[in-house]
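First chain written, first letter: the chains are A, B and C, and each begins at residue 1.
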Amino acid sequence: MSVTVSVKNIEKNFGRFPALRGVSLNVDGGELVALLGPSGSGKTTLLRAIAGLEEFDSGEVFFGDINANELTLRERRIGFVFQQYALFKHMSVMDNIAFGLRARPRASRPPKATIRARVVELLSLVQLDGLEARFPAQLSGGQRQRVALARALAIEPRVLLLDEPFGALDAKVRKDLRRWLRELHDRTGHTTLFVTHDQEEAFELADRVAILNKGKIEQIGTPIQIVNHPATEFVADFIDGIDLKRIDTVAGSDAARQAHKLKVIR
Amino acid sequence: MALLLPRLREPSVIPGFGLTLGFTVAALSLIVLIPLSALVLYAASIGPSGFWAIASDPRVFAALRLSFGAALIAAAINTVFGLLLSWVLVRYRFPGRRFIDAAVDLPFALPTAVAGIAMAAVYAPNGWIGSIADKLGFKIAFTPVGVVLALVFIGLPFVVRTVQPVLEEVEREIEEASALLGASRLRTVFKVVLPQIYPALLTGATLAFARGIGEYGSVIFIAGNIPMVSEIAPLLIVIKLEEFDYRGATVIALLMLIISFALLMLINLFQAWSRRRLGDV
Amino acid sequence: MSDIAIPRIRSSRDIASEGRAAQFVLIGLAALFLLGFLFLPLIVVIVEGFRHGPAEFLEALADPDAVAAIKLTLLVAAIAVPFNAVVGVAAAWSIAKFNFRGKNLLITFIDLPFSVSPVISGLVYVLLFGAQSWLGPWLKSHHIEIIFAVPGIVLATVFVTFPFVARELIPLMQAQGTSEEEASLTLGASGWYTFFNVTLPNIKWALLYGVLLCNARAMGEFGAVSVVSGHIRGLTNTMPLHIEILYNEFNFAAAFAVATLLAGLALLTLVLKSALEWRYADSLASAQKH
């Protein structure tokens, strides 16, 4: 389940606006990496490019050994959680989560009972037991987010991509869900990338953080590395005020993760 | 999806662009664009002198004048009654309001021929209302008045449905402010509230006007269809066609289209100008 | 102290509304106008249709020419409405899910039939396929009849009702965006699966609404069909045309009898339309007014 993601020198222009200017990134299997940056830095564009939702002008994306360009969107098996969740509003929670499994061509589709069991299992995983029959309009923001996550996980994705997963939620719910997401990640072990503009969130959740600015990666490293050795002036400015002692970083709670190779790629 | 037309569209992962656009354009061309071009091409083949000979025919002129004139008057009448109906429907709550609201669409849903014979029956000298008028000494049906009435009937929903949503958006606070500043209710309504919906009112009236120009079925039964007096332009087109005078029919049709287009352009320009001055409503 | 007159406090709603009397008058005027002017034709149709009693009413409907007219009306609607529904969905999909140059032009063109007089809508087909047209002789030699035959009627009706479904769907689908479809694709669904299971359920009420309006217009179209039809009794007369023939023959009762049928359709359309607007206002782009 844990696939590596390699992004090699991606460039993407929207008309004349350069959204991504030669971005490269390597994510190890099972890693949780944050794409952090101000609005317009290209982080969502990068995430969508990796997902295959945006075509890019040059560069390559690899999932393990497979060049993503050879895969259609359907074949990529990417779990994508949209910023506004994009739940199918006319379908129940059960149908939403089961969607990816039911959409498979007949040959590879699991039997109904299996699908049902998987959905129930996932609902349990995201702690929404018993809500199969509800509709998105009847759920709170945090619940919807977890349904979106369960839906993405149902297809056993190679990689999990989250676009500002907590952006639409209020502060308290955000904090709780952050913790919860980290625990979930540790349990399932998916390679995960998520986009955020919230420094605290990135530093608290991620194994490594990639800081983007104007379509380029300014620095990638563990939270401790970034805070102690900011690579550029922008990074120093951007993380100004972050106090690692106040944040419950992953590195702070698990020394083993410090053994990650530092790859600073400009 | 292979980009056969590179810069013409933004790349997207959603499938179906070629299929849906292709089908739409094909249907549009075959059903709408090519037939309309046939009209233009045929008109062009008539040549300016031929065109003018037909256009300057007094009967044609009378028919166009009636169609445009009656549509204008009907639109003006609909402005008043449409505003009244919109106001009452948006601002007041009363039993039967939903019913009246739904009923406003009746002229829109009713087939024109049905409306036509019904109005003729009502306003003919031996009709329900026509007989009253007859006793009072004037005729409604078989005169231009009848034409106007029919056009008022079919144009009403256009005004009401355009004004309603805008009226709903008017902020009550502005009216309260006006009242607190000492303005009478009448002044508040006419100087504060209504100006906000004038653009929508104009748009609705324009739609009613445009519809009225080309209206056929609702009018021909009540009109009387006397050449030079109560003969509308669309009817003249039909008559020419029945006489196999394709050229005559085409010229009248083109004249209708050109004049309508010019008038609508004018109104649109006026709307744009007033929007620049007063802000969008 | 006593010379400061404290006004009687009225609710804020009082300050900013007309007096009760004025309201009453306005509502009364509106109701009078509606019932006395708008509704009168409808009532007349029904009353006049039954003027000679229900037996004659039914006889008028059972008349072979009337039956043929009814069948033709139904046939034309059965072809025109589904076709325009498909066009509407296709057009709305291409316009709402993609960005391309010329989009506004496309929308304007789709709306064209709305601004063209029905008689002109028929005229263009006569010019295209009629005996004196460029294609006329070719059609004749191949024994293909379009004008003065059913195909012409179908074409003219399709022309006139072309924009109805598209106009309902385009703004709605534009407002809905593409995120659900994108989500569906990332989950592994095919384009068609996405359309049927994600998009269609989201637009079903607007689609129904558009189909309803399209159908009402298709069955009631008069001007355009009148021009292309040839008025051949029993063959190329739709219900509206049949009504015209009966009326011109002074067979008023029969004319109104058939008209009652169409009026009934209009009422049914209104009822369904209102029901859709009341219950599904947020699923319909154009019904946010009530």
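Quick note on the criterion: a residue touches a chain if its C-beta (ideal position, glycine included) is under 8 Å from a C-beta of that chain, and two chains touch if they have at least 3 such contacts.
Everything numeric here is computed off the predicted structure, so don't read it as measured data.
> Which chain has its C-alpha centroid farthest away from the centroid of chain B?
Farthest chain from chain B, going by C-alpha centroids: A.
> Looking only at C-beta pair counts, which chain-chain interface has the most contacts?
So the chains sharing the most C-beta contacts are B-C.
> If you average the Cα atoms of chain A and of chain C to get two centres, how far apart are those centres in Å?
Once rounded, the distance between the two centres reads 48 Å.
> Taking the mean of the C-alpha atoms as each chain's centre, how many Å separate chain B from chain C?
About 15 Å, centre to centre.
> Taking each chain's centre as the mean position of its Cα atoms, how many Å separate chain A from chain B?
54
> Please output the residue numbers of chain B that touch at least 2 other chains, ranges allowed.
Within chain B, the residues that touch at least two other chains are 13.
> When you check chain A against every other chain, which residues touch at least two of them?
Those would be 52-53, 73.
> Residues of chain C that contact two or more other chains, please.
Chain C, residues with two or more chain partners: 182, 185.
> Give the list of chain C residues in touch with chain A in this complex.
179-180, 182-190, 193, 197-198, 201-202
> For a test of understanding, state which residues of chain A touch chain B in their complex under the given definition.
The touching residues are 52-55, 73.
> Quick check on the complex: what are the chain A residues that touch chain C?
The touching residues are 51-53, 73-74, 76-80, 82, 84, 86-91, 99-100, 103-104, 151-152, 154-155.
> Using the touch definition up top, name the residues of chain B that touch chain C in the complex.
On the chain B side, the touching residues are 8-10, 12-17, 19-21, 23-25, 27-28, 31-36, 38-39, 42, 81, 84-85, 87-89, 91-92, 94, 96, 98, 100-107, 109-122, 127-129, 152-153, 156, 161, 164-165, 168, 172, 175-176, 178-180, 185, 188-189, 210, 213-217, 221, 234-235, 237-238, 241, 244, 246, 249-250, 253, 256-257, 260, 264.
> For the complex, give me every residue of chain B touching chain A.
Touching chain A: residues 11, 13 of chain B.
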